[in-house]
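My structure is below; once you've seen it, I'll send some questions.
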Amino acid sequence: MEYNAGRKGKYNSAFFVRNIKRRNLMFKTVLSLFIVVVLALIIAAVSNILIRGYVGLGESIRSPEIIFSLKLSLYTSVVSTALCIVFAVPIAYGLVKVNFPGKIVANSILNLPLSLPPVVSGVSLLMLFGGTEFGRSLADLGLKFVFDVKGIILAQFFVNISYMLRIVKSTLEDINPRLEFVSRTLGCTQMQSFFKVTLPLAKNGLIAGIVITWARAIGEFGAALMLVGATRMKTETLPVSLFLNMSTGDLKLAMASASIIITVSIVSLLIFEIIGLKNKSVSKIG
Amino acid sequence: MIEIIDLNKTLGDFRLRNINLKIEDNEYFVILGPTGTGKTVILETLAGMYKPDTGRILFDGKETLHLYPEQRNIGFVYQDYMLFPHLNVRENILFGLKLRKTSHEFMEKKLDDILKMLNIDHLEKRYPATLSGGEQQRVSIARILVLSPDIMLLDEPFSALDPRTKQEFQSELKKLHREFKTTTIHITHDFNEAFALADRICIMNKGEIIQVGTPDEIIYHPVNEFVARFIGCDTMKNVKITAV
Amino acid sequence: GCTGSNAADTSGNQDSNDSEENTALVEENTENEAETLIVYCGAGLRKPMDEIAQIYEEKFNVKIEYSYAGSAQNLSQIELMQEGDLYVPGAYSYYESAKEKGFTENAQKVVYHIPVIAVPAGNPANITCLADLANPGVKVVLGDERSAAIGKVSQKILEKSGILEQVEENVVAKDATVNEVLVHVSMKQADACIIWEDNVSGVEEVEIVEITEENNMIKTIPVCVLTFSEKKDIAGQFSDYLVSEEGVKIFEKHGFKAITE
Amino acid sequence: MEYNAGRKGKYNSAFFVRNIKRRNLMFKTVLSLFIVVVLALIIAAVSNILIRGYVGLGESIRSPEIIFSLKLSLYTSVVSTALCIVFAVPIAYGLVKVNFPGKIVANSILNLPLSLPPVVSGVSLLMLFGGTEFGRSLADLGLKFVFDVKGIILAQFFVNISYMLRIVKSTLEDINPRLEFVSRTLGCTQMQSFFKVTLPLAKNGLIAGIVITWARAIGEFGAALMLVGATRMKTETLPVSLFLNMSTGDLKLAMASASIIITVSIVSLLIFEIIGLKNKSVSKIG
Amino acid sequence: MIEIIDLNKTLGDFRLRNINLKIEDNEYFVILGPTGTGKTVILETLAGMYKPDTGRILFDGKETLHLYPEQRNIGFVYQDYMLFPHLNVRENILFGLKLRKTSHEFMEKKLDDILKMLNIDHLEKRYPATLSGGEQQRVSIARILVLSPDIMLLDEPFSALDPRTKQEFQSELKKLHREFKTTTIHITHDFNEAFALADRICIMNKGEIIQVGTPDEIIYHPVNEFVARFIGCDTMKNVKITAV
């Protein structure tokens, strides 16, 4: 038997050591390079907006229209994100844990809104809730979506649900099924086990999903525009107001709205980031 | 009483073959066998992780096929602990009790007793990722002891403990068993442990049961050469001393 | 009921016109390498402009590259890029804004852009004239007056007829571009709207109700050469082609009206 | 000591058993309900488009313009997705594994494009690459983005990189660091360990990220429109052609383009789904 | 030679205190101690997972502080196996060899030998999630044996094996060690194992080293009551017999 391949010292030779050092250093350099390039791109692009935007910011932040749209944006994005969580989590669980015929097809259909341009999503929702008997009966029941704030939420939900789902699903797939099983031997029903074990273990993925969904909801306007229009002080979210200003050719005002969106999202993302870190320091190894 | 009747279960290339076992109430039943013979698979099937391919499992005469794991009132200690990584030691241990709506004082009292008994009171606030192997194992044992389940399934519960600690817990477990007579199925590799604890021992090999009997029967009347060789190693001399 | 209101005000009906028509024939470009012109163009003008580009390239070996967007969005693009050769917005007023910002010096008029009332097929609210938009219970969608060219025009038209306030009460939504207005009406979400005549050409779901000439405010589509252009002569030739008989014919084919003065 | 709480039979009483049965059944019913509701919503909405679109489909699919934009869309979306992977993976790794000052801030900045409406992203890129000295020098070097196909890729990259990053990051966070450590004791440099252990373990998250990024890239047009315009047969992607048809009031043609996008993405998502399943059956427990 | 000089390392509440050890080339060094005393932490520090707070670690006189784990040419068998879940058994075992650009035939030969020696040739294509505890442990051992590292760090490498298999591997390991003289540090709870394998034994408690010595020294001259009690349990009688 030749158990002496690579015997003592072979891999420890000066050359080998230096080589590894160099390669690890290179790795770190490459990592930093990638980060710096993308950071620079984003900062350069966004700061262009901020520089132009902050000139008009003081004025526009006080206008009742901007205040209205800020509030509307926050309201609709929070509600639609909450709805996405409520739907995506159980669906993802079902898709991961339960086998049923047609699962692959169901999966692909649930991914569909991902690739629809928002305008198309908007038109299709309009057709469904505006143009069909079904939509009219819903409207009679008080669930009116066309030209209504509820429509903004619906549009954001439709446009975002697939994102949430994909992310939550991929997280759930990585959870050890034995942990859930153990919780059931300890007395959990399937649902309790889901809430007490699966969901907390999926925390990182959930946070990612919420951040993405919420950020998208704050920025979405293509679909909502189609479904509810852009009526001043009624269905005018921040991005709609931005779009309106943009198409008036009023670049300064538009950049001001954009600056507000950017500011709002920087602040919220920072908060998320900090909350995330806090949670982590509790449950991970130092 | 647990009855396993003609149980067959195929997992990949592995097959549990014609398992027939009757485990009496209050019995302390130990399963011994080389690695990879299906000991863990039997426990997992009893607990409801796998559906048998054929055969039946009866608890007190009742068919269990359609019982969910949580309806079997079983405590399971996994070979690799399976602590909930998002909960600290205290929360891990109280996990089952909290589901059972017991009074707060009772819960605290029980937790205290168990933490002391297993020497892990200083770890109450720690998360599993920071615990040593033996510490995790003790938490995993504590997690089911607080529940006093009808049946305890212990998959090498002491493998990560040093001999002193192990011995302490063995006698503690024996005491508990004498007191509460919980039906226990215990997998181990340690002959000392097997012979010290078992009312009856089951020897398995390659997915089959080779012999079931009291420790004495196994030692003095092994049914075939495999059993004789499997338990007839050096430690045997020692075993006889401790077991009797 | 319908009453013809104000007397025709010719100067108000049309955008002011300060350039002479130039129909001089363009000379063929004989170079082998095709020159390229970048043209910022209102998205609503896509059909005729695409067709013209194809013909023009064949004839004169000049490639036309469009950047389609809302006319005002084009203006933002021009402002940011500071390059390109021509600008063809949906209404003359955009030319004026561009001129103010120094992007261009003069324009030629191509065709009229005519606002009309559009109603869903079958005309459920029985709209017959502008004043009917003010009838109680009629659901109206309009373009947003700040962003859509059509929005600004509609507001002015309604103002001129003195029914703006009543119509505003009937407005169920304002839309950011003329597209959404059209979609909303064609899906029967509203009883009437005001859009461009050419928008409706080929759309079966809507019918046109013309606005009488005296109530209407007809817009003109301009073409202007940008000051940044480094190929002003070639750009000028394309501009001339657009306003030539040949160019206008193509526009007419797609529902636009030729300049008639 | 009272170790006899819940002694034999207590939790096995007929009532308890029935109760648990009911609750587990309820759980499954609720799961199915959620899936059915969202599936129905998506199918209803999308089929509206397909029904209208397939009328004009036969004609439009043969037009060289549609074929061109289909090809361009596939090309740009594949390239930009590849770029997103190339950048997001090392960056996510750096953010998860390496501690450096300003990490939280870097993190939030990298999330920023999430919430920018695409048009704004487009404008900011336009300002950067069109209006600055920097952009002009790049163009002189042959890296021209404005009015160029490269610009479409850049726009898709800018709009998508944050998604990819977020998803990959959350997946990497859930990987046991000891596994990487073991690979290093076996002789991997940091980079090898990354490619041979971390990356394969992040597979589920990566697939989710790729699906989302690619699907978004196929549907994106707001940003690209701003940066590169919409020149026929040159920078006309499927969604741009759809947008243009929409703005000429040609709903039928628009729906035809939409149908093509939907068809393309259903097919690709199905393929992804099937590949994903195959991979899984190899490495997971039955 | 491995020298650990005045090593201190704090992890949460736990602290490794003033560890001083000198392990000779070719020595078989066993660490014994109650659970949670820092045995695993020492190995992980040697392997480069943790940076010492203070103190130095020298390999053959060279400072290791700035050596990456992959530069230390160490083989590490984890208490809980740590197999790569995305690779099958064969790929897990060949993981290290593939990095070293050995010839194909050599690799296959080596793989074959090891698979046979550890009795896991039938598992070659299986993934870790489907393996029993003992099977995973053997794959984890095989993964480092194929590399013949300078130093082997074994954290309870036989804890999941039945006594027969364990004994087989012990003698196999002893044979390998005699042949190739790989410096080995081995953590175990099993006194038999310790005394059968060790050149020297180190007894730890609560983050400190209590005694280092040959098996005989430890048995006959325990430095304090803790050591005496820790090793002075029932199995001792047996130990003396096997050890000598």
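Labels for the chains are A, B, C, D and E, by order of writing; each one numbers its residues from 1.
Criterion: a residue touches a chain if its C-beta (ideal position, glycine included) is under 8 Å from a C-beta of that chain, and two chains touch if they have at least 3 such contacts.
Predicted model only: the values in this text are computed from it and were never measured.
In summary, the chains found to touch both chain C and chain D are A. Per-chain Cα centroids separate chain A from chain E by 46 Å. The geometric centre of chain B is 27 Å away from that of chain E, both derived from CA atoms.
Centres computed as Cα averages put chain C at a distance of 82 Å from chain E.
Counting partner chains per residue, chain B has residues 11-12, 68, 70, 73, 100, 130, 147 touching two or more of them.
With touch defined as above, residues shared between interfaces to two or more other chains in chain C number as follows: 73, 76, 80, 177, 183. Residue positions of chain A touching 2 or more other chains: 11, 20, 24, 123, 127, 131, 187, 189-190, 243, 246, 254, 285-286.
Chain pairs recorded as touching, per the definition above, are A-B, A-C, A-D, A-E, B-D, B-E, C-D, D-E. The touching residues of chain E, when paired with chain A in their complex, are 11-12, 67-68, 70-71, 73, 100, 102, 106, 109-110, 113, 145, 147-148, 150, 176, 179-180. Here chain A touches chain D in the complex through residues 11, 20, 23-24, 26-28, 30-32, 34-35, 37-39, 41-46, 48-49, 52, 87, 90-91, 93-95, 98, 104-121, 123-125, 127-128, 131-132, 134, 158, 161, 163, 166-167, 169-171, 173-174, 177, 187, 189-191, 194, 204-205, 207-208, 211-212, 214-216, 218-222, 239, 242-243, 246, 254, 258, 261-262, 264-266, 269-270, 273-274, 277, 280, 285, going by the rule given at the top. Contact residues on chain C toward chain A in their complex (touch as defined above): 70, 72-73, 75-76, 79-80, 94, 97, 141, 144, 146-148, 171-177, 180, 183-184, 187-189. By the touch criterion given at the top, residues 1-12, 16-17, 20-21, 24, 286 of chain D touch chain B in their complex. Chain contact summary for the complex, chain A toward chain B: residues 176, 178-179, 181-190, 192, 196-197, 200-201, 203, 282-286.
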